[in-house]
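Each of the two complexes below includes chain A, the first together with chain B, the second together with chain C.
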Partner chain A sequence: MAGAIAFNPEKFQTVFSDNHAAVQNMVEAMQAIGDPREAGPIEVMKAVDVYIRDLFSAVEQGKKILWHEFLFFPEIFHGFPNVHTWMTETLCGFLPVLDPEGLTPYIDAAENAGLPADVCPADKGMLGCVLEEIMPPVAIACAPTSPCDSAITAYQILGKLIEAPVFQADMPYWQDERGIELYQHHIWKMIRTIEEVCKTRMDWDKCREHIKLANESVELFIEENEMRKLSPCPHPGKLGFYQFLLLTIASGTPYARDVCKAILEDSKKLASQGKGAVAEEKIRLLMYNPDPFYDVGIHDWLEDEYGAVTALTFFGHATMGLIDPTTPETIVRDYAWKMMNICMARQYRGPQEFFMDDFIHAMENWNVDAVIVPALIQCKHGQATHGFIREACKERGKPLCLVEFDPMDPRPASIETIHNTVAEFLETQVLPYK
Partner chain B sequence: MAHFDEQILAVRSFLKARSGAGSVPLGTARCPGSADELLAGLPVPFNPTPRPFVILKEETFVELGNPIQGSASMVLWTPQAEMVRDGVVTWIGPDIPEAVGQSLPFGQVILVGASRLEEKDLPRLERASDLSHRLEGYMIRYLPRKVWSRVSRDAAARGFRFETLGRALMAHYKMQFPVLEAVEVLFVTSSRADVEELATIAREAQGKSLSIRKLTRSQDGTYECEELNCETCPEKSTCDTIRDVIVIRKKGKIAGIQVIRGPADTGSGSQRGLNV
Partner chain C sequence: MKELAFFQDVIQKSSNDFVRQWKDRGGKVIGYLCPNVPEEMILAAGMLPYRLRAPESRDTTEADRYTTYLNCTYCRHLVDEALRGRYDFLDGFVGTNGCDQMRRVSDIFRAVAYKEAAEQKKFFLEYVAAPRVPFDERSLSYYKAELARLKKNLEAHFGVAISGDKLREAIRLSNESRRLLRDLYELRKAEKPPVSGAEALSITVASTALPKEVFNQSLKALLSALDGRVAVPQYRKRLFLYGSELDDPQWVKVVEDQGGLVVADGICFGARLFWDLVDESLEPMEAIAIRYHERWSCPRMVDQGRRKQRIQEIVRDWKADGIIGERIIMCQLWGGERVMTSLDAKESGIPTLWVEREYLLGGTGQLKTRVQAFLESME
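Presenting the complex of A and B:
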């Protein structure tokens, strides 16, 4: 194909070194501020520091780098010797956290290249990073056909832009025996393709060790979920966002497991002291769709201004299961099932019940007073849930705020606009009735 | 309305096979009928309005349904209430007091008989199997069509057993759905294989439960339409869209993407375009 985009070592080093420094500065700043709510995010960002360092080493050593979509957790890929993993949407996730406009140049690059504006910013951002030649080298890119059509198309476009092969595993519609069989079949095919392309062979013993670490992380994540049911909620609303992003990049690593452990220990300590994210918890919220990446601090603002803690977020909802590490067959089967049940992959396919069951369960079990649903502008299937969400909230007497914004680009709806919308909601629909 | 007579019969066969096995412990309790009677004398409180609590790992007496051990959960409704033995709780495998410190495979089957239920009640019927925090000392970790739960040491010390859990579930259902004529509960902790057999039945039930209005999904995965007149069918727009997509797919994929380097007006420089 004419004009395939090759790895640009200079651009990669420049951008990644800058952002690596930004991550380290962020950690130092949060530590200096000393807000106890930052304990978990600090540990996550320290892990991101490790992740970037490992990437630099891998590039230096000329390792084969496997790009995986954020809904393919990397534990299974760690079983391939001499293959290093890179979560393709990493920059989309962390650039807006470091700088609200951090991803916008790459979103613009993708739109200027012809991508429609109403495509998900995760996909625009990813393709923009590729077009701008800042991504690490790639031997193979792997993605499921989830969470949505936007992602499916983005990886098809990616396949035309890079020389490396792109493998897409077909995520089934249903959560049934046929679906699991289909997905297992695709995961096996993916494993064989990686072996061929990267000239390697899956080491199942090595894989098993990473699967066990991933299982530990999931159990700890689920336990943290349960701690959040307590009142006062021990940890701040933004933690779920950070913890989920950590698992997308580093599930199956010792340091991700250690971060999850530290988070839970901190949660237990706070709970035993009767302490929470806010001194006086007045409102418990459910935020059930992706947080604004450039304003994860919205949770801090809610806590400080209104004593409103987000008891559970969409990213923070631990819906995935465990993987039986006994044999290669059980690993692949249960990895398939786990990937079918990570947030977004699970709720944004199949019938609406898949989303609504989880939404109602979250609403009923985390003892929330009100619901905020980020009505992501480009997310068509998300928009389609709004009618059902309204009905479910009405049935349960929970005030609902649907707030429209772009999750990774602050320009369509500014931080101020989002805050004003939420503030008006709390002041008129929630607080007067508390 | 979808009903699950076939799956109920499958569960009965499963029960019968295990009853004859002899080596597998099996217990039955026949409990009184009304919700109040079911809740009377429970060793732990039942709170109709759930109050969140957490059972930490170190406080756990027994874990049930860890996905690695095996877990399955289903609610099966029938309009023929006589198919359901009201008030009966059955458990196959070790009961809770015998399982200290263990992580057991866990299957939970709730059979419901009601001739006056409506289709709109079915999702609520399924959701009601999650007791949430209503039963003190019993914490559920939610997974779809599975139950992963913990019984606290404190609850076990007070005498929590499967009969307790069964009575709480039956009472909860009767309070939530006054039209129910019969509720029966089965718990399985005997082996992973047994729980997986139940999981297979659960998946069949799930498939039925999610049947699309006006369309039924057959065994081989195809959908059969029951509506005779497309013009009046509410699913017409869906069918039309599917036909359009099939036509597009049959015409073939995108031919290719040409990357043009340089600004759009001069044809040189570093700008790219996607020509599809």
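Presenting the complex of A and C:
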């Protein structure tokens, strides 16, 4: 690595055009399959199509592109005129969905540049994309000091790689009033920095409209969460993954709201018909940590092979609240609180109770028979939580499978290996006792 | 040299005779892991702050009921020692969010190792959550509030009063240690320093394991006795040592035995521990908070630019020929710092080598080979 990496319009166009086409092809393929479980994911991928097209337009128009980490939902940034948002880890999220090894060249690029293999693949992938010059142009990058050490260091590295400022907001440790005070202070500071760097001013009326849309999405997401308590669970296990990724890139947009609305309406329709993701629901699972991005189809396999529906996933757990859009002060304060409570930001910081309380709540309230915890190999605080997870499952009589893999790279643990581990678990620890 | 041997001996084990004597006199010992927990707070409470290490740990079987092979060995060995009851000299522990894995060490101490004792009020458990953005007034306020809570709870648990005067005296004592250590490090600017890097590390580690008065007195005696001493008459290159938690002088000795003399460092049990003083002109709690929040940071703080500048100044002033970086495997923060210092090194032209290690000394053959090759590349 050497020096700042400038925007490479040719590489960006090539890679993004290819991936844009891949997204469109994926939508067509999913539609052609005609599996009702694909209904929600199809809507999400159509939204990704819109997201990419909007990015192309923004780049063409020379708008300032604001990169935001996935734990800064974009609704607040939509209040800046002439600023377009790009979720920095977008490619990390969607490349493995399009192709299991889609992110691996970028992970390798980051490792070849000296980043150890034991850093989170989201951060390796993100930095690798920057190193390979495929990212859109950047006016400013914004990230919280969350969810973990890997992100904290990755954004410091990013600051040395790009010709743009990187703003890191100090995510508080505790979940209290003092924490909100700290975080909202940093978000105000971020807003002022964006205004200065992008030569713009926050339009609070515009922002308010996007906040309201974001609120609608959250309400719909929360309600979908509740629907998943039903037996049969109306929607497939993979939906939470898609829905969360959608919100990370497009929260606050009309199309994200519309997708959430369509998902909930479909959920209610299925529930009214007594239909579920599987014809005969035999097992209800909790999967509490990120799904394998390159094998979200693991849920389809569980459903088809074992009649096992993942009633709740980590990404699908709606833990955030609403934002009072009344004044700039209420917007920033409630945005701070929301960002402290979205998936990962909430559970991965603080003491182990922040993870365990939500985990136990999910275990006890979604009527699950067994628990699968993706034991992400690079997630250090996660690895050191396994003892607590085991104890909690034992206390509640829930069989537990801790399955090790890299969430964005299928090479350390292949799809087959993961399936075999889960299969052995279900066949020996769950089914015989059902 | 007996003045030096004193420091080397006192850090051999997880505890030492001075801790035992302290306890025998009815003194309390408070353990901590990371300097985000200001030692002055504990000193002012009349207690001995003791930075935990695990030099006697040999496996992590007990720890691995909670940690895994994918966690750093420093944390795993600490947890193992705690679960085996080897920190039985402690009366309390103050955890902090130095890093993700250290957070979990604190969690395991609280929820498992010391749970029963804490519930019976026989063991003091507290936590200081340190923000990550320095030179921000609100982040500093957050940290100040954490320290205020620590003070209040120390007072309540132990029935002591931590007055302004006691804090000032604690600051004075700690600053004295820091000044003495700076004096020691100044001597290492010489072409033939009186102490090696390994010897210096034994001294700085000892500063976290002894009553302050004992340490200060012993270091003064050493400084007087060093006159004319040459630690290493011949060496090949001068090195700046940077990286993860390292409390084992033997590791540094392996490097130095290849001919690379460590003349300065930026490690957690080394210079970063003492480099910055507490401002004695300010209100003590304010002064402590500012010093600890804005000191020479580790990669958990988002101010790599300042770290880069500090490294370049020290490399220049101590005439280091190159930088040796070391990372405990599985440490993500230092993994990232490695990338950043390598980028800086390309810019500055300072030869830099990064090596990976485990907490306990091992793989010395490989280390020797790499250091030899590095030194050759600079010749």
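Here is the rule we use: the second predicted complex is superposed on the first by the 432 of 434 C-alpha atoms of A that agree within 3 Å, B and C clash if a C-alpha of one lies under 4 Å from a C-alpha of the other, contacts with A are read in each partner's own complex, and residues count from 1 in each chain.
As a convention for this text, a contact is a pair of C-beta atoms (placed from the backbone, for glycine too) under 8 Å apart; a residue touches a chain by one contact, two chains touch by 3 or more.
For clarity, every value in this text was computed on a predicted model and none was experimentally measured.
Chemist: Since both structures carry chain A, what do chain B and chain C do when superposed there: clash or fit?
Modeler: With chain A aligned, chain B runs into chain C, so clash.
Chemist: Could you look at A:D324 and tell me whether it touches chain B, chain C, both or neither (first, second, both, neither)?
Modeler: After superposing on A, A:D324 lies in contact with chain B but is clear of chain C.
Chemist: Which partner chains sit in contact with A:L182 here, chain B, chain C, both or neither? Use first/second/both/neither.
Modeler: A:L182: touches chain C, not chain B.
Chemist: Is A:N365 touching the first partner chain B, the second partner chain C, both, or neither of them?
Modeler: Touch partner of A:N365: chain B, not chain C.
Chemist: Touch check for A:P351: first (chain B), second (chain C), both, or neither?
Modeler: both
Chemist: Classify the contacts of A:Q156 with the two partner chains as first (chain B alone), second (chain C alone), both, or neither.
Modeler: both
Chemist: Please work out whether A:I33 is in contact with chain B alone, chain C alone, both, or neither, and reply first, second, both or neither.
Modeler: neither
Chemist: Could you tell me if A:S231 is touching chain B, chain C, both of them or neither one (first, second, both, neither)?
Modeler: The first partner, chain B, only.
Chemist: Between chain B (first) and chain C (second), which does A:G114 come into contact with in this model arrangement: first, second, both, or neither?
Modeler: Both chain B and chain C are touched by A:G114.
Chemist: Which partner does A:W174 contact after superposing on A: first (chain B), second (chain C), both, neither?
Modeler: A:W174 contacts both chain B and chain C.
Chemist: With chain A superposed, which of the segments 26-34, 350-358 or 368-376 in chain C collides sterically with chain B?
Modeler: Clashes occur only in 26-34.
Chemist: Do any residues of chain A touch both chain B and chain C, and if so, which are they?
Modeler: 1-2, 113-115, 156-157, 160, 174, 178, 350-351
Chemist: Under the definition above, what is the set of chain A residues touching chain B in their complex?
Modeler: 1-5, 112-115, 131, 156-157, 160-161, 174-178, 215, 222-223, 226-227, 229-231, 268, 271, 319, 321-322, 324, 334, 341, 350-351, 353, 356-357, 360-361, 364-367
Chemist: Considering only the defined contacts, which chain A positions touch chain C in the complex?
Modeler: Residues in contact with chain C: 1-2, 113-116, 118-120, 145, 148-150, 152-157, 159-160, 168-174, 178, 181-182, 185-186, 189, 350-352, 375, 377-378, 380-381, 383-388.
Chemist: In the complex, go through chain C and note every residue touching chain A.
Modeler: For this pair, the touching residues of chain C are 65-68, 70-72, 75, 97, 99-101, 103-108, 110-112, 127, 129-133, 136, 138-139, 141-142, 145, 299-300, 302, 304, 327, 329-330, 332-333, 335-340, 342-343, 346, 354, 356.
Chemist: List the residues on chain B that touch chain A in their complex, please.
Modeler: Per the touch definition, chain B meets chain A at residues 50-54, 56-57, 66-68, 123, 127, 130, 132-133, 139, 141-146, 200, 203, 206-207, 210, 212, 221, 254, 256-261, 271-276.
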